[in-house]
Structure formats: C-alpha cells, structure tokens
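Each of the two complexes below includes chain A, the first together with chain B, the second together with chain C.
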Partner chain A sequence: MKNTLRQIFHSSKFVVGFLIFVGLLAVIFIYPVFHPGNPLDMIGVGTFAKPGTYVSLYDSVTTQTQVLKLPEAADKRLAKVLSDEDRVKIVNYLTAIEVDVEGLDYSDTDALLEAWRANYDESLKPKGMTKAERNYYKRLNNSLNSMGSQGEMIVTEKDPSGEEKQMAVIGTEDYVNVKDVANTKNLVFGTDNFGRDVLKELVSAAKTSIQIGLIAGTVATFIGLLLGLLSGYVGGLLDDIIMFITNIFTVIPSFVLLILISYSIGQDKRGAPVVALVIGLTSWTWTARSVRSQVISLRNRDHVNLSRLSGHSLGRILLTDILPYIASYVVMAFILQVSSGILAEAQLSLLGLGPKTTEVPTLGLMMNWAMLYSAHLNGSWWAYFPVIFTITLISFSLNLMNTGLDQVFNPTLRD
Partner chain B sequence: MKGYRKYFGKKIIWFLITLVVAVLLNFILPRLMPNDPVAAITGKMAQGLTDASAAQRIYEKYQEEFGTNKPIIQQFFIFVKNLFHGDLGTSFSQYPRKVSDIISSSILWTIALQFPAIIVGWLLGNLLGALAAYIRKGFDKVLLPVSLFLSNIPAFGMAVMLLVLFAVKLKIAPTSGGYNFDMIPNFSWRFVKSVISHYQLPFWSIVLVSIGGQAVGMRSMSIYELNADYVKYARFLGIKDRKIVGYVFRNAMLPQITGLAMSIGTMVGGALVAEIIFSYPGLGSTMFSAISGGDYPLISATTLIITLMVLVISFLLDIIYGFIDPRVKAAQFD
Partner chain C sequence: MKKLIALVLSSAMVLTGALSVSAAEVTELPREETLYFGGQQWGTVNSYNPIGTNQNNAMATTAQLLGSRTLMFETLYMYNFLDGSLTPLLADGDYSWNDDLTELTIKLKDAAKWSDGTDVTSQDVIRTFDIGVEIGNNTGTGYGAYIDSIEAVDDKTFVIKAAVTEDGNPVNPLKVNDFLGGVFIAQAAWIDAVVERNGGDATAILNDAAEDVVWSGPYTKYFDDDQKVVLVRDDNYWGQDASMWGKLPVPKYIAHAIYADNAATEVAFKAGEIDVDQQFLPNIQNTWLEEGLPISTYMEEAPYGVCLTMPTAWYNMNNPILAENTALRKAIAIAVDYDTIIANAMTNQSPSFADVPRSLMNPTEGEQALYDHDAVADLQFAGNDIDGANALLDEAGILDSDGDGWREIDGNKISLNAVCPNGWTDWMAAMEVVAAAGKNIGVEITTLFPEWDTVQTVFTNPNQTEYDIFMWSPDGAGPSMPWGRIRQFLDGDLVGIENNWTGNWGQYSNERATEIVQQIPLTSDPEELKALYTEAIQIYLTEVPSFSLMYRPAVFHAVNESVWTNFPEDGDGRNIPPADCTDGYGIAALYDLELVG
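Our next item is the complex of A and B:
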C-alpha cells in the first residue's frame, strides 16, 4: 500500500492533477470563511455589473481629501468622457457640416475639442443626419460642456426637514485614499444577471457541483462494482441477466434517460442530491462491464480457488480475494465518473432540467442563467467564462489524475 | 459472406431488443412518476378559471386526447400503433402543430450538423493521436497537456467561446440560427450561402471537442500497440518502419471504433446542448424549447428520436467493425 502510494506520487501527471484539485478544494473551503454570507444574495440592483472595485460615492464625499497636482488629470478626465467612438463621430460631424478636417488627429483631444466648440451648432441640420443622431450630438455636447468647465462641485445634503445644507466643495484636484473610504467592495468577477456576486456564487457552485460529482460517482461506482463483481464471479444465469441489462443500457444514451427521469421528477422535487442520484443511476454501465472482465480474468487464480475450497463466503471472497486486485481500476473509474457527473449536471441545467434554482447555485445553473440573460451576446464575459474555466479545470485535474494512475498501473503506457 | 450471417444476425437481434426496451422506457418512465402530466397542463390552462366543472372538462378533453384515461397496457399498444404510423401526438407549446411535423423539420439540421462533425473530429483526432504516439519527444511534453486540457472543455463551453470570439468580437460569423432570420428555406444560392455561414461555428465547436478526446485515447492505444511483441518481432525481421506503423495504426484503430460506438450517445448529448447555444434549429433547440414550454409530448418524442438515432449509429458501427476486424472474420469461419 505504502509502496503503491509512493509510486503514484512519483507520477508527475497524477501529482499535477492532484495539486490542482486540492487547490480548488482549498479555495472552496477557505474562501467562505473570509467572505461569509449567502451566495444567492442579490447585492446589486440591475444586471451584470463589471468586475472591479466599487467605491461608495456617498462615503467618499465625506472622506478627508488630499490635494494632488497631477499634470494629466484633466486630459484623462476628458479622454474618459470622449471615447474613441465619440472622436470618430465628432470628425464625422465636422465633415458633414463641411469643416476642413485635414490634419486633425483623433488622439489630440485638445485640438478635437477646439474644433468641436468652434463649429458645433445645435440648430444646424446637416444633410442625411437622422434625428437620433442629432440628439446624440446634443448629448455629447452637453457632457463635454459639463466636463469642460472644470469648476468646483458643491455637494449639498438634504436633511429630513427638507432643508439643504452644504456638505463639501469638491475641486478638480481633490483626492481621497480608497483605504479611508468606509465602504468599498471588490467584485473580482462583477455581478450576474440577478446582481449577485459572481465570485462568491462561483465558489459555492463549484462546491455543490463537486458534491454532485462525488455522489453521482459513488452511486455509479457502487452499482457498477456490485453488478460487475457478481456477474463476473458468479457467472451463469446471473451473469447473463446482468450483462443483458448492462448491454442494453450501454447503448441507450444515458443522456436521454437523464432527461426523461429529471423531467418526470419535476422542478420542485429536484434538489442537488436528487439530480446527483439520478446521474449516478444512469451511468454505471461502463464500470460494470470493465469490472466484470477484470473479475473473469481473476476468478480462477489459485488464491481464489483456495479461498473457495476453504469454504469462505461469497462476500468474503469478493471483498478480500478479488476486490484488492481490481481496486486501482475501480478508483480510476470512480474519478472518471465524478468528472462526467459534473459535466452531466451542467448539461442538464443548460437544458433547464437542473437542480431547483432557489437553494444553491451549481456550475450548470450559473451557465444556464448567463445564457438565458444573453451574457455571451452583451459582452458580460465574467458571467460565463469563469464557470466554463472552473468546469474545465475540475475535469482536467480529475482526468490528469486518472491518466497518471493509468500509467502507474499499466506499465505499457508509461512514458 | 456466409460466415458473417451469425455475427450480423446476433447484432440485429440485439438492435431489436434494445429498440424495444428503449421504446418501453420512453413510454414508462414519465408515467411511473407520481405527478400526472395531464393534470399539470390542465392546471396551467385552467389558471384563473373559477368554474370547477370547466376545469374538469379541460382535464377530460386532454385525457381523451392523450389517452391517459385508458388502462396502461392499452395506452402502450396505442402508443406503439401510433408510432408505426409516425404519429407522435400533438404539441402543447406549438399547438396545434403535430409533434412529427416539428421533429421532421429539425431532425435534418441535427443530422447534417452532427454526423459530419463527429466523423471529422474522430478522424482528425485519431490522426493527431497516432502522430503524437509516433513522434513522442517534445511533441508529447507540450501538446499532450494542452490537448488534455482542451479535451476537457465541455461542448457547450467550446460553443460559447467560439461564438463570443468569432461572432460577437470578430463579427465574421452570425451569432445564432441556422440561416438568416429574414429568409424562408428554399434552394436559392443566397439561402445556401446563409446556411453555410451559420453552419461553421457549431460544426467546428463539435469537431474541436471530439478531436481532443479521440487524440488522447488514440495516443495511448498506439503507444500500447507500439510496445507490443509483434512490433518488436517485426523490427527484428527488418520490416520497414512505415509498414509497421500501418499495422499499429490499424490495430489501434479497432478499439477506437468500439470507443466511438460506446461514446456516441455522450457525444450526441453534448452536441445537442451545444446546439442550444447557437439556437441552431435542430433537435437540441427543439428539446430546449419543449422543456421550457412544458411540452410533454414533444420532449418524449425528441428523446425517442435521439435514442433511435444513437441506436442506429451504434448498430452501423457494429456492422462496420465486423467487416474490418480480422478476429471477427476468423471467428465466423472457424
């Protein structure tokens, strides 16, 4: 046993896979300790807030300021308002009203603004310009003007009696230290379509999905092992019956059975454990077949015969004389079942047959929500990409472990 | 040819048995469950209806239409009889369209998409895997982990990423559908061009996913064969490397065909989910809309058709296997 373990941990593939998996588990268990709370809490109003640090505007007004004279501050401020698209639009406008734009550089904010201020006229109706476009230019002009004045801002507070009281005067060179602001929130992966913290949700979803994989894998491996052992060792009529059933369920796609059963159970009764159980119940055939063929090659070994002659019971022979010899295969099959269980849950959820949505998030459900709210079409990559990456990473680590084990136990495959 | 009769006969009998079981399961599984689908639908239809007798009439009408008021054995025979006539009932969500109508308009899309994609992916994957096994050094160190990682991207994940990259960011492919939404299917050049441009992304996402898995499997199969005694013996005899590689490839290929037959169900399932991402007008999207619409007859029909497709493909693969595996041939002539 000790020797086998040492051998396994010499396989670089296994070790890499193992480390990734353990790392994932560590994150799953440690992250909630530092960031407690329900992952399904909707902290954001509105959908798909971008990843980044959010600083409370309210608190920063009352935070002590520091004057910093940064030479490029004004330019940056303008550049933020004036997107590349706006710059192109400005030049388009100037061309439309027949101003000479020769030599005007898009990146030269000052020159661009100068030309704009000199030539823009709200009342002009250039040829071929729709009302929507004219309105766009009006809005652009307003935002440029408000930025352009560079005056101080005065913040007033409305007390309960409705009286307004001056709170702060904010100059263009006032800065606050983010550390001094009472409320800031770092959303590493932004929020999803319901305004939930994606990172927190992802960690909780990964945990549930791995649990689903483990339950499904355990159920499938247990059934497959039991049927394989009985069918291989006992043989005869029992073998025929078991193999008949196994062969049928190998050909009938488990995916279809999964859909039929999940649909029949109904959304209300479909908790994560139920889904895991159903996945396990539909994916044991492969294990049963390979265990059976292993057992057949073992059952006439001398030590098994000796055990049988000594009158040991069926259970004892299977457990002590046969199981240890096929343990490595069983472990490998288990690992693959876990990984395919996680994938099966994701696919079911995408079809709308996943676990019920009110209790815990799963990777599949997160993917389903992102797709239902078209995150992939509106550029909200943070809602789906981390999910895909996590699924891939989990199944990559499991498969790597499996390949490593395969090479340890099948010397012909070794590099 | 005579020797094959036994092999094929056995395969055909197996095919028929699994077919019967599949139809049986498709019929029984939804009916085993405690909730009555007809009651659920009536509940939805009768929402806001205060008159209990009207709700009762709706319930009875649906019972009549779906035949759930008859004993289960009789229901089964009606189900099978209708099946032989190609009658799969009436859809709820697209009432009064026939289920067989909906299925026949989507099945061709799925077959035209998945069949070529899986074949191309399988061939490319095997070629790459064999190459990786033969070259080994360096190639193995870098490409194996990469292809292992790639092969673990789920089909829907690959679909989303291709979609975002090529359709949303680079705008060189359409984002959804099987053809431009303003077109009516016909055989004009414009329509065919639109179909082809919509075909690219779903096709390549399935191909890429199947390449990874096949390449990894083929690589280890080929390495296993390259270390076999007959290869060493052939080397001793001084047979040319190229000829040995040919034999090795052929032998490693056989388990890959069995592997394809075993995994075809999973692959089709994954590809069906990928269809949803592209809103491709195939069976996957049909099933998705059926599930979200609670369209029970349509769900049961799509699952049945998918099962049938998978069964037929596995059967054909078995037949092909019989022709190319010399051991099967030898066993039949004994």
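Our next item is the complex of A and C:
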C-alpha cells in the first residue's frame, strides 16, 4: 500500500492534478471562514456591478483628506468626460447644424468647449440625425456640464429639521486613503444579475458542485461495481439479465434519461442531493461493463479457483480475491465519474433542470442565470467566466489525477 | 445501381438547391424598403384569418385591448394608450352615445374600401359581430354579453345596441368602447364564403387558413415560411385618401424573421438586422452607453418606456392556508424587496413603488389621478419590511414552534411554491426575490418554472391547487381601463370560470369588491367614481389577494436606427404611442419614418 502510494506520488501528472484539487478544496473551506455570510444575499441594487473595489462615497466625504498635487490630474479628469472620439463627434455636430468649424483644432479643448457651449441646443433636430445620436449629444453635454469649472465642491447634509448643514468642502487636490474610509467593499468578480457577490457565490457553488459530483460518482461507481462483479463472476443467466439491463441503459443516451427523470421529479423536490442521485443513477453503465470484463479475465485465475475449492462464499471471493485486482481501476473510474457528475449538473442547470434555486448556488445555476440575463451578450464576463474556469479547473484536476493513476497502474503505459 | 443512386442523390441536391435559391429570391428584400421586426412572431404562421381563433400570426392578426395591430385588418378606431383617446380609422369622426348609454352610433368613412375595391359598409360590421357570436371567437365571447346587436342605419352608418339589464341599464358601456379599438372588421362577403366552404362548422371556420382573405389595411400577405413572415404594402390602400392618412406608409415591406429565442433576437437587434424590437432587454441602456450602438427607446432615461401594467403575484385561494390567513398573505407581500425586483429583475425599466405607490392603477398620470391618495397612503406598503412581516405573523399566531426556522400553521410547516413560466427572465428573477423574502420571515417558498404550455393550463383552471403563488399580468391599457383591471383583481363573479383568461386568477371572493366592480361602469359622476376606486383599493390593500411586483410596459419598444429613423419619441409633439409602430394609433409612426442619411 505504502509502495503504491509512493508510486502514485511519483507521477507528476497526478501530483499536479492533486495539488490543484486540494488547492480548490482549501479555498472552498477557508474562504467562508474569513468572509462569512449567506452567499445568496442580494447586496447590490442593480445588476452586474463591475469587479473592483467599491468605496463608500458617503464615508469618504467625511474622511481625513490629504492634499496631493498631481500634475496630470486635471487632464485625466477631462479625458474621462471628453475622449478623442467625443471631440470628433463635437465637430460633427457643429458641422451638422451648419456652424463654421474652419480653423477649429480638435486638441484645443477650450476652443472646442467654447464652440460647443455656444452652439449646442438640446431641442434642435438636425436633418438626418438619429435619436440615438441626439441622445448621445445630450449625455455628452450633461457630463461636460457636470465637470463644472474645476472649483471647490461643497457637501451639505439635511438634518431631520430640514436645515442644511455644511459637511465638507472638497477641492480638486484632496485625496483620501482608501484604508481610512469606514466602508469599502472589494468585489473581486463583481456582482451577478441579482446583485450577489459572485466570488462568494462561486466558492459556495464550487463546494455544492463537488458534493454533487462526489455523491453522483459514489452512487454510479457503487452500482456499476456491484453489477459488474456479480455479472462477471457469477455469469450464466444472471450475467445475461444484468447485461440485458446494462445494454438497455447504454443505448439510451444517459443525458436524455437524465433530463427526463429530472423533469418528472419536479422542481420543488429537486434539491442538490436528489439531482446528484439522479446523475449517479443514470451514469453507472460503462463502469459495470468494464468491471465485468475485468472480472471475467480474473475469474479463472488459480487463486480464485483455489478459493472456490476451499468453499469460500461468493461475497468473500469477490471482496478478497477479485476486488483488490481491479481496485486501481475502480478508483480511476470513480474519479472520472465525479468529474462527469459535476459537468452533468452544470449541463442540467443550464437547461433549467438543475437543483431548485433558492437554497444553494451551484455552478450550473450561476451560468444559467448569467445566460438568462444575457451576460454573454452585454460583456459582463465576470458573471460566467470565473464559473466556467472553475468547472474546467475541477475536471482538469480530476482528469489529470486519473491519467497519473493510469500511468502507474497500467503496465502498457509505464515509463 | 450505384450510379443510379448517385444520380438520384445529386439531382435531389440540385433540386433542393434550386428550391432554396428561389425561396431566397422571394425573401431577399431591399433593406432600404423593409422594416424588420423582432420579438413578436415565434413560429411558422398558421393563418391570416381575422375571425378565427388560435392564430399565431402576430403581425397580421393580433387583436388586443391596448390597440389592435392594424397592418392588414383594421378596427373602427385606433386606441392610443398615451392619452386614452380613440382615433377614427374605418370610422368617420367621433362616435356618439345616446343619453341612456344604450345606443352608440358610428359612421364609416366614405373612402374606406376593401382590397377587392368594394366599400366597407355597415353590413360588414354587423356580419363580423354576428359571426363572432355564432362561432364563439374572441369577438363573440368578449363582447357577446355586452352588445345586444348592431343595426344598420344606412350603408355607412350603424348603431351598436348595448345589452341591457332587466332594469333597462346597459350591462357595461365600457366594454362597448373596447369593441371599437379592439375588433378587426372582416368583409361580409368573404365571411359568407368561409362559412359556405366549411359547411357552417364553427370549429372549421375558426381554424380556416383564410388564404383568400379580403383585407382593408395598408399591408397584405407576401411570403411566409418557417424562417420569416413578410407583409407587402398594398399600393391601392384606401387610407391614402385625404380623409385618412393622405399617403401610404413608408416601408414597402414589413418583415419578421423567426428567431429561436430571446438571445438570438437580441443579437440580431444589436446587429441592426431588426429595426423595431418588442423584447425585454436587460440593461438596455448599456447598448448605447457601453456599446455605442444606434439603439434608442421612447424615453432616453429609465424606465425607458411607458409602463402600463403591473405583473402580479396571485395567491391561490384554493389553498386553505392562503385563503384563511390574511396575515400570511400580507406578511409575504410586505416582506418582498420590490426595489431589488425593479433594479435587478427589471433592470430599472419600471418606476419604483416609492415613485408610484401601489394601488389598482397603472403609473400613467390619468389613472393615478382617479383615486384619493391620502385615504390609502397608510396601506400602500413599500416592501422589504421584514420586522413588520414577522410581527404580523407572530401576532396572528403563525409561529415557529418546533424551532426549525420555519413557521407552522396547525403544526404543519408552511411550504409554498412560487411559479412563473420558464424563460420569462424578469419574472423568474422576481419570483426568486419573493422566495428570498419568504426565507427572511420563516415561510418556505420554492420557485418553480414550468414550461409556458403547462403554466397556462394550470392557472386558468379555477380548481387548481398546484400553484400557491403564481405570476400573471392584468391588462394594461384599453378604453375600459382602469375598470377592466380592477375587475381582474377583485371580481368575485369570475370565480369558477373554466378556462379563465378573463381575470381573478387567484379565485378571490369579496362581496363588497364585486359590487364595486359592477357599479363602476354605470357611474359617471367623477366624485362618485373616485370614491368607488378608492374603496376598491382599500379592500385590495387590506385583503392582499395578490400583490404587484413591478410596473412594466404593455409592449416593449426599442428601435435600432441603422436604417430607419424618426420613430416616435417622448415629447416630440406627435402623440404617437411607443407601440412598435403597429398597435393602435402606434401605426401612425409608419407614415413618418425616414431613412438614415
């Protein structure tokens, strides 16, 4: 046993896969310790907040400021509201309303703004200009106006009696240290369509998905192993019956079966364990077939015959004389089953047939909602890409472990 | 032998190739003459029958309260949901009621003609109504109880006689108004031909494909298959007469490609392959703010459209736990976080319940002015009141006695489901928020998203016990609003109706509320009406037989100005509603369109 383990951990593929998997498990168990709370809390009002650090504007107004004289600050502030593209558009607008733009320099901000302020009229409808374009100019004008004159800003607060009290005067060179602000929130992967913290949800979902995979893998491997052992060792009529059933399950695409069963169970009864069970119950066939063929090749070995002659029971022969010889194979099959169980859950949830939605997040459900709210069409990559990456990482690590084991146990692949 | 097979195969390939080329030729429309639609038609068109039922032909045969789609068939008047007005279409000038509100006289336009050149006459209107009653189509079932008969005065003038009760009052004059903007008039001679070829069999008439139909509208059938449906302009359209539009609509073709789903439609719309899109696009502002696409909506700021209806969660009163515990109904309703629904599920394409407090009225100014805001202010809950909801349940003795985190009634854990059709994105998200509210107050609510086919058969069944809380939308706008909507929320007379598409889907019954619903149509004094409306709202908000989750446009209307421009916009002075350039008075937009550049 010790020797086997040493061999296994000599396989670099297995070690890499194992480390990734353990790393994932570590994150799954450690992260919630430092960031407790319900992963399904809808903290954001509004959908798909971008990843990044959110600083409370309210708190930062009253935070101790530090004056920093940064030479490029004014330019950056300007660039934020007036991009090069906007400059071109301003000239286009002036041309459209037949203002003479001869000699107007794109890079001369003051002249450009002066011409804009003198000529822009919201109520104008220049010929051939679409509503979308007019809306664009209206927004541009609003943001140019909101930029103000780069003077000081005064923040006032309304106290309960309705009187306004001056709270702060903010200059253009005032800065606060993010560490001093009472409330900041770092949303590494932003929020999803419900305003949930994607990272927190992802960690919790990965845990659920691995659980689903483990349950599904255990169920599938157990059934497959049991039927394979019996059918391969006992043979005869029992073999015929078991293989008949197995063949029926093999020819029906298991995913179709999975969809039908999930659908008929009904959403209100579909908790994560139930879904895992259903996945397990539909994916045991190839384990059964391979175990059977391995057992057939073992059945007439001398040590098995000796056991049989000594009058050992069926169970004892299977457990002590046959199982140890196929154990390595079964472990490998189990790993693959876990991996495909996780993928099956993701596929089912994408079709809306996954676990019921209010209890726990799963990777598939996260993708399902991201797709329903067209995250893939509106550029909100953070709502689905980390999920896809996590699924990939899980199945990659499991498959890598499987390949590593294969190299150790399969004589034809040994280096 | 092999050669023969090869020959057969190759000739088959050539043949199919040739066929698809010819289909492509038919459907290759000049982009500058075609207005493309999206979000209306989801399957192969099955008929062009204006008097049938079960048509799925969205572009040609959509008859609805907020304005029927008058591209191919026309109504007497065009409803405008912006101001509730009815603009004459086939009719000439305003309609006139007699003093008892029992007779309504209407004249038809002299210019109004069918596509075969014959006049649109009073006989056509009469035959349209009579056949409806005879075969039980939507006109018959929708108006048969409110209109006694239609009688001709002369060829172009007719009188609609309202059905009257025993004491001589009209049953409901408001529903007669609905008839004017909702019902497509079909040609009497054509109806006769359809009846004859189907041997008078009602089912056959209702399902007739109507290949030979005679129309009066500006467009007619051009081409349809499983990929798209195309209507072509009828250049002999009577409406170019000075008494109507004075010109033809601008686009020569109206086309609607049949897309697989919302996502496919969205991609096509953003790519400029669709000009007018009737589809909920989450965060639509990003299409112009972030992606810089030439897309715009009726209003440039949230809520972007005219919200006319309020999708509502209905409690199923067949479930005794819900029927007997007003406190439970109210607790769930006040615990729901509506701001999250509006910001996240609707992506702010709805005013909030702080802007427009809940009542039975839609957010339009006209309806909001109809009730006494102060009298119901205390009842208008804003939501997310977890403490209040918990207190309400504690007070009512609905407690968690076994300490498992969930409350019980009579020792049984309360477990409810919350249902809406699968794929109806914003509704599904709203239901998730309702379920989350349940979790916060110890009431287990599980969401359930069955397919639409299943949902529609269950919630229209008056005896169903499968869904506890389910989502459905009352009617938004129409000549009979807000009465029609109040009826849908509160009319006890609708309890028990089989195949119920009319209203009161939760089977709620309250004697006083039912009385009010009956009184409103017969009341004309504004003060009296205001009192009735206010009382109805009081009952509704006290009893909470259902709770609205958001406000929503009756139709979504977003346009991509890659090819066409000059679509209706807020404050342009034209008073054309954002009804996808097709519905009710919204069709006026087709006459003003311009090409970009």
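One rule holds in what follows: the second predicted complex is superposed on the first by the 362 of 415 C-alpha atoms of A that agree within 3 Å, B and C clash if a C-alpha of one lies under 4 Å from a C-alpha of the other, contacts with A are read in each partner's own complex, and residues count from 1 in each chain.
Here, contacts are C-beta pairs under 8 Å (C-beta built on N, C-alpha and C of every residue); 3 or more make two chains touch, one makes a residue touch a chain.
Remember, it's a predicted structure, so these values are computed and weren't measured experimentally.
Trainee: Sticking to the clash and touch definitions up top, decide whether chain B and chain C on chain A clash or fit.
Mentor: clash
Trainee: Check the residue A:G352 against both partner chains and state whether it touches chain B (first), chain C (second), both, or neither.
Mentor: In the superposed model, A:G352 contacts both chain B and chain C.
Trainee: Per the contact definition in the header, classify A:I388: touching chain B only (first), chain C only (second), both, or neither.
Mentor: first
Trainee: Tell me which partner A:F194 touches in the superposition: chain B (first), chain C (second), both or neither.
Mentor: second
Trainee: On the A-aligned overlay, A:I259 touches which partner chain: chain B = first, chain C = second, or both, or neither?
Mentor: first
Trainee: Looking only at contacts as defined up top, I'd like to know whether chain B or chain C touches more of chain A.
Mentor: Answer, by number of touched residues of chain A: B.
Trainee: Contacts for A:G379 in the overlay, against chain B (first) and chain C (second): which applies, first, second, both or neither?
Mentor: The answer is both, since A:G379 touches chain B and chain C.
Trainee: Report for A:K131: first if it touches chain B alone, second if chain C alone, otherwise both or neither.
Mentor: second
Trainee: One more residue to check, A:Q7. First (chain B), second (chain C), both or neither?
Mentor: It touches nothing on chain B or chain C.
Trainee: Applying the document's definition of touch, where does A:F48 land relative to chain B and chain C: first, second, both, or neither?
Mentor: second
Trainee: For A:L400, is the partner it touches chain B (first), chain C (second), both, or none of the two (neither)?
Mentor: Touch partner of A:L400: chain B, not chain C.
Trainee: Just one of 45-53, 99-107, 117-125 or 297-305 in chain B runs into chain C once the structures are overlaid; which is it?
Mentor: With chain A aligned, chain B clashes with chain C through residues 45-53.
Trainee: Under the contact rule defined above, give the chain A residues that sit at the interface with chain B and also at the interface with chain C.
Mentor: 266, 352, 371, 377, 379
Trainee: Note which residues of chain A are touching chain B in the complex, please.
Mentor: Residues 247-248, 250-257, 259-261, 263-266, 286, 339-340, 343, 346-347, 350-353, 367, 371, 376-377, 379, 381, 384-385, 388, 391-392, 395-396, 399-400, 403, 406, 410, 412-413, 415.
Trainee: Could you please specify the touching residues of chain C with respect to chain A in the complex?
Mentor: Of all residues in chain C, those touching chain A are 262-263, 266-267, 270, 281-283, 286-291, 293-296, 300, 337, 339-340, 343-344, 347-348, 417, 422-423, 425, 428-429, 432-433, 435-436, 439, 445-450, 559, 561, 565, 567, 569, 596-597.
Trainee: Under the touch definition given earlier, write down the residues of chain A that touch chain C in their complex.
Mentor: 40, 42, 44-48, 128, 130-133, 135-136, 138-139, 193-195, 266-268, 352, 356-358, 369, 371-374, 377-379
Trainee: Going by the contact rule set out above, which residues of chain B touch chain A in the complex?
Mentor: 14, 17-18, 21-22, 25-26, 29-30, 32-33, 35, 136, 140, 145, 148-149, 151-154, 156-157, 160-161, 163-164, 168, 175, 216, 220, 223-224, 227, 262, 264-266, 268-270, 272-273, 276-277, 287-288, 291-292, 296, 299-300, 303, 306-307, 310-311, 314
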